[in-house]
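Below you'll find the structures, each written out as structure tokens.
Below, chain A partners chain B and then partners chain C, in two separate complexes.
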Partner chain A sequence: MTLLLAQYPLFSSLLILAGLAAACGALLGYAEQRFKAERNQVAVADAVNNLLPQTQCGQCGYPGCRPYAEAIAAGEAINKCPPGGAAGIRALATLLDVKLLPLDKEHGEEKTAPLVAFIREDECIGCTKCILACPVDAILGAAKQMHTVISALCTGCDLCVEPCPVDCIDMVSPHESLQTWRWQLPDPSSRSVDIIATDNVLRAAQRDRAA
Partner chain B sequence: MRRIFSFHGGVNPPANKQQSLRKPIADAGIPPELILPLAQPAGAPAIPVVTVGERVLKGQVIAAAHDVDSLPVHASSSGTIHAIDERLVAHPSGHPTSCIVIATDGRDEWVSHSGASDYRALAPADVIQLIRNAGVAGLGGAGFPSAAKLSAAPHTPISTLIINGAECEPYITADDVLMRERAADIIKGIDILRHILAPRTTLVGVEDNKPQAIAALQAAAQDTGTEIVAIPTKYPSGGETQLIEILTGKQVPSGELPFQIGVICQNAGSVAAIFDAVVRGRPLLSRVITVTGASVREPQNFQVMLGTPMRYLLEKAGYEAGRNSRIIMGGSMMGFTVPDSGVPVVKTTNCVLAPTAAELPVPPPAQACIRCGLCAEACPATLLPQQLFWFAQGGEFDKLEAHHLFDCIECGACSYVCPSKIPLVQYYRAAKADILQRHRDREQARLARLRFETRQQRVERAGTEKEARRVARKQAAQQHIQATRSESQEDPIQAAIARANAKKAAQRARAAHGSELERLEKDVVATHTRLATATAKLDEALAQGSELAVALREGVDRTRAKLAAAERTLRDYQRSRQPGFASPGADMTETVLAKAIAARAAEAALSPADKIRKDLAKLQQRLNKSEELLACSRRNGDEEKVIVALEATVARLTEKLSAAQQLLNSAQDS
Partner chain C sequence: MLADYSILLIGAILVNNVVLVQLLGLCPFMGVSNKLESAMGMAMATTFVLTLSSACSNLVYHFVLLPLGLAYLKTIAFILVIAVVVQFTEMAVQKTNPMLHRVLGIYLPLITANCAVLGLALLSIGKEHSFLQSLFYGFGGGAGFSLVLVLFAAMRERLAVADVPAPFRGAAVGMITAGFISLAFMGFAGLV
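And now, the complex of A and B:
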């Protein structure tokens, strides 16, 4: 055998290489099985749930954020959450390392400004139906007593609007005060400036034609 | 001679300080009205402790501090409380906020007060409490409560106490004149701080363009252990971190506060206020304010009561409203335009600047960034302003944080040197606000999740308790039956055998019928077949004109009803088995959710006109329901309030209905 190998050096080196490749392959294959990364569904669902906006509004088609998070962990599309919006989808795509998708319009549109529920208190008859419907316990009241929305806790899911028998709940934009005011980016018109003279000529011509 | 370090970048804008330095500090007097905002630079707004119409004395507490970071509000002069309502204040938002308005009586009558001239006998914590009660805040610009700063690190040894007298911002000379005229008070105030903090070294940093202030302080500080250091004039050497680096060579690490490297910094004006508070027992009621700009005839410094309207102050300095373009609180670099000249001065108002349009022109439109890099050379915080600018435009918040946006002190040096006149600081402010809002939103979401989960648990617990009660009732009933049976002398063994037999028979029967679902399905199919046969028979009878037709029709109707019932049972059964939906009545939210989900799914498939039509139908349904409720309430003679509310609902719904009808008409027309 040794003699045979010594006689055909090319053959023997090929044999050795093949043997090495087989051994390495076997080792890698074993390692892959042995140290398989546990893609723990519960942990993934937890991480996803942390990124969801927790409005519990059900617009995604699941009864709450947690069920949708579990569905995403099991392979559901990430673009069904309108309150999370584009930023939420981006965060989910980064977390799960999947393709970025535009928001699925079937489940609603992203709101431009946040809304909170507001009860017209004169008209409330104290039926507690909205309290039972609120998923985040943001409505205060008791039977035959006036109810009110704690606006700081309201997620704006609008699930309380429908059950109200006297239709006294509105979705309003929260009052902006000194404390909640924020600086805005500079006026976009100040960001696009005509600095190329020929462009200005063209634009002026267009304006004339339009006029 | 102490070694002086330098910080990166910085600019040298025209100082414009001479205008307001020709005269000593003048007293601005008592304005007819004092407006004192309850909002605080840090912490929650103060809580009013006076009522409208009440007479207050100078120095009396009129609003109490809400928490440890907020400060009490004192009456700056004697008078009566005129109003407690929303007023415009000096804030870039232009939003009004709650203020206490005092109509002054001109007598300037003090509330009884006494100082602690032997403060050395007091514990540092007690002295800090005196400072807190006097409402002393950082007078340099940020307005952070001095007491909170001094008590931030009771266990960290402070090696260096720095007094900030740099005052690097153009136009402002308030600290300069204060240091010239009240150097002795400042040095005594420093002694109080040294008693509290026990630092190894105490340094007063003053820019070398204030030689008179330096001389006055040096004269007052002889043999006190406090060292006056003249530092080169460069903007923004008055920034806290910059001044610390100039005087000690140490940089405050990103995201940390100065006390973490053993340094505490206080503004010179605040130190004078601390002296007044501790030794004289006087709260912070007035401050030195520079009134300057080309549209005032006599620019100078005033001792001004907090709450004085800026218009009153400007008129004292010979304000020419016609020449003025805007009123700025602060200097030309970091100041902001106030919404109205009637806004009051507050603790952080160091300057009221009234320039002409030629003096401080409105910045020209921003041009494109040419990546010249001048901003990075000017940035005193060694940031990359142009990088931050791109990220702020793109809303890349993670990258902004990674590039230390929060180390930006918003000094405006980058905007000052920018050849394209880009309002860089505004981008950073907006980006900072967005990032903070995002953090807040995340925290809100976390709390919402907690409340949701707790609520789920509560609902579940209520369900199990209900179930347990039901089981207990059932058991009690069974026991009762058994008790009556045993009374009737029945053999218990025989009874048990009979029960077992019955159970087995039931099991067999169930096995024969297959599962519940199969049984229901079979039921539906069988009823369907029966209906088909019956209908065929009826047709035949009708064709023949038989008198049996009437009876047959009745039979068909009955079978049809049975079929409908069977189908409903099957549907209910299937729905109750679907994952994610509890059986009806288990949880109101889930039922509502299920309804909402179904409605949304249906809505998505509809055309706009159909949608309106559907809304219309829904509204009609709601109206019918409300009318029914109303009729019912009227019959039952319910409370007046309920009936009125229901009537209002009906009226509103009718209105909505007509609106929807119009919408539909217009949609159809188009």
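And now, the complex of A and C:
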């Protein structure tokens, strides 16, 4: 080896460096193989977690969205998330390439409109039970003080409704302000109504030709 | 024997602190010190990589490069070793602690480009350390990095709510603070 080095210093030192790199690569490849299964599962759980609605409501039977995502990655059914609804299940089925399932009614119904919790403040006795129940810390208040919901943070999971001893929490549709108002999307069933002017011209021309 | 190693450790942590005295690894020092939690994670990962890469570099130098008379290749060989150690650390962290892996995110692979790692490996060779000495030297450097990173992160969390004059806000006041800590660490000179 030293003879080779003396004769071809550049070539042999390159060769040695390449050998070192190959040894390191083999080591990494072996480690990659050993850790592979779990790495894949973590990546799948990440992707699933991005599709879940992050309400942290626990209706699926898991303590939050991330644990449910991990369970899905490990083979749990995808139809246990009512806040995600049919659209969420479709997205999950596309991602994981599994069969589309209807929402499991055991875990709750899909709500048509987003709701937020609202505390009727003069009835609140300040028991803090709803604060403990809230998974996203959207309820403000202290013991024996009135509580209120920060509606911008509320995910509408209605976990706070049940623990309230005086039933002063309602689920209401969120108050519309100038900041939250959006144009209504056209109703999909009304797509047959002509909203594109050039289409109208085309259709009128066809009608003329027919007549 | 024990005294030798403790002097080596104290020297690496306080007297020749890798960030504040040798001015290596300033990128993560400024970049990851905004939040205490991520600073702690980064500190742990970097310490691990520093210890391991310093020891591995020592092995590669003494058992591959020196016998073949290729000592002049040490820089590129050490870069290779460090890249492998970092990649391995990333795999291990992802397996053992996925939460930490998500917190560290992009900073974990960036340890490869942390000049403190290469710097310590080269310095250790320059000081003709034995294998065990380079292991302690790497760990000491990592511990020193962790110490100042966590100290600085705690300070920056307070700076974030302090009333800093507008032109100095953000990174500028961070740099000035780092300069002051560096001055303070000069007080350790001559300790060992």
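Following the convention adopted for this analysis, the second predicted complex is superposed on the first by the 143 of 211 C-alpha atoms of A that agree within 3 Å, B and C clash if a C-alpha of one lies under 4 Å from a C-alpha of the other, contacts with A are read in each partner's own complex, and residues count from 1 in each chain.
Operating definition for what follows: a contact is a pair of C-beta atoms (placed from the backbone, for glycine too) under 8 Å apart; a residue touches a chain by one contact, two chains touch by 3 or more.
All values reported here derive from a predicted model rather than from experimental measurement.
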{"item": "Touching partner for A:Leu28 - first (chain B), second (chain C), both, neither", "value": "second"}
{"item": "Touching partner for A:Val42 - first (chain B), second (chain C), both, neither", "value": "second"}
{"item": "Chain A residues touched by each partner, larger count belonging to chain B or chain C", "value": "B"}
{"item": "Partner chain(s) touched by A:Gly75 [first = chain B, second = chain C, both, neither]", "value": "neither"}
{"item": "Which of chain B and chain C A:Leu20 touches, first, second, both or neither", "value": "second"}
{"item": "Chain B versus chain C as contact partner of A:Leu5, first or second or both or neither", "value": "second"}
{"item": "Contact footprint of chain A on chain C as seen in their complex", "value": "60, 64, 68-70, 73, 76-77, 80-81, 83-84, 87-88, 91-92, 94-95, 98, 101"}
{"item": "In the complex with chain B, residue positions of chain A that touch it", "value": "49-50, 52-56, 58-59, 61-67, 105-108, 123-125, 132-138, 153, 155, 159, 162-163, 165-168, 176-179, 181-186, 190-191, 193, 195"}
{"item": "Complex contacts: residues of chain A adjacent to chain C", "value": "1-2, 5, 13, 16-17, 20-21, 24, 27-28, 31-32, 35, 38-39, 42"}
{"item": "Of chain B, residues touching chain A in the complex", "value": "39, 89, 91-93, 95-97, 365-368, 392-393, 423, 426-427, 429-434, 437, 441, 444-449, 451-455, 580-581, 588-590, 592-597, 600-601, 604, 622, 625-626, 629, 641-642, 645-646, 648-649, 652-653"}
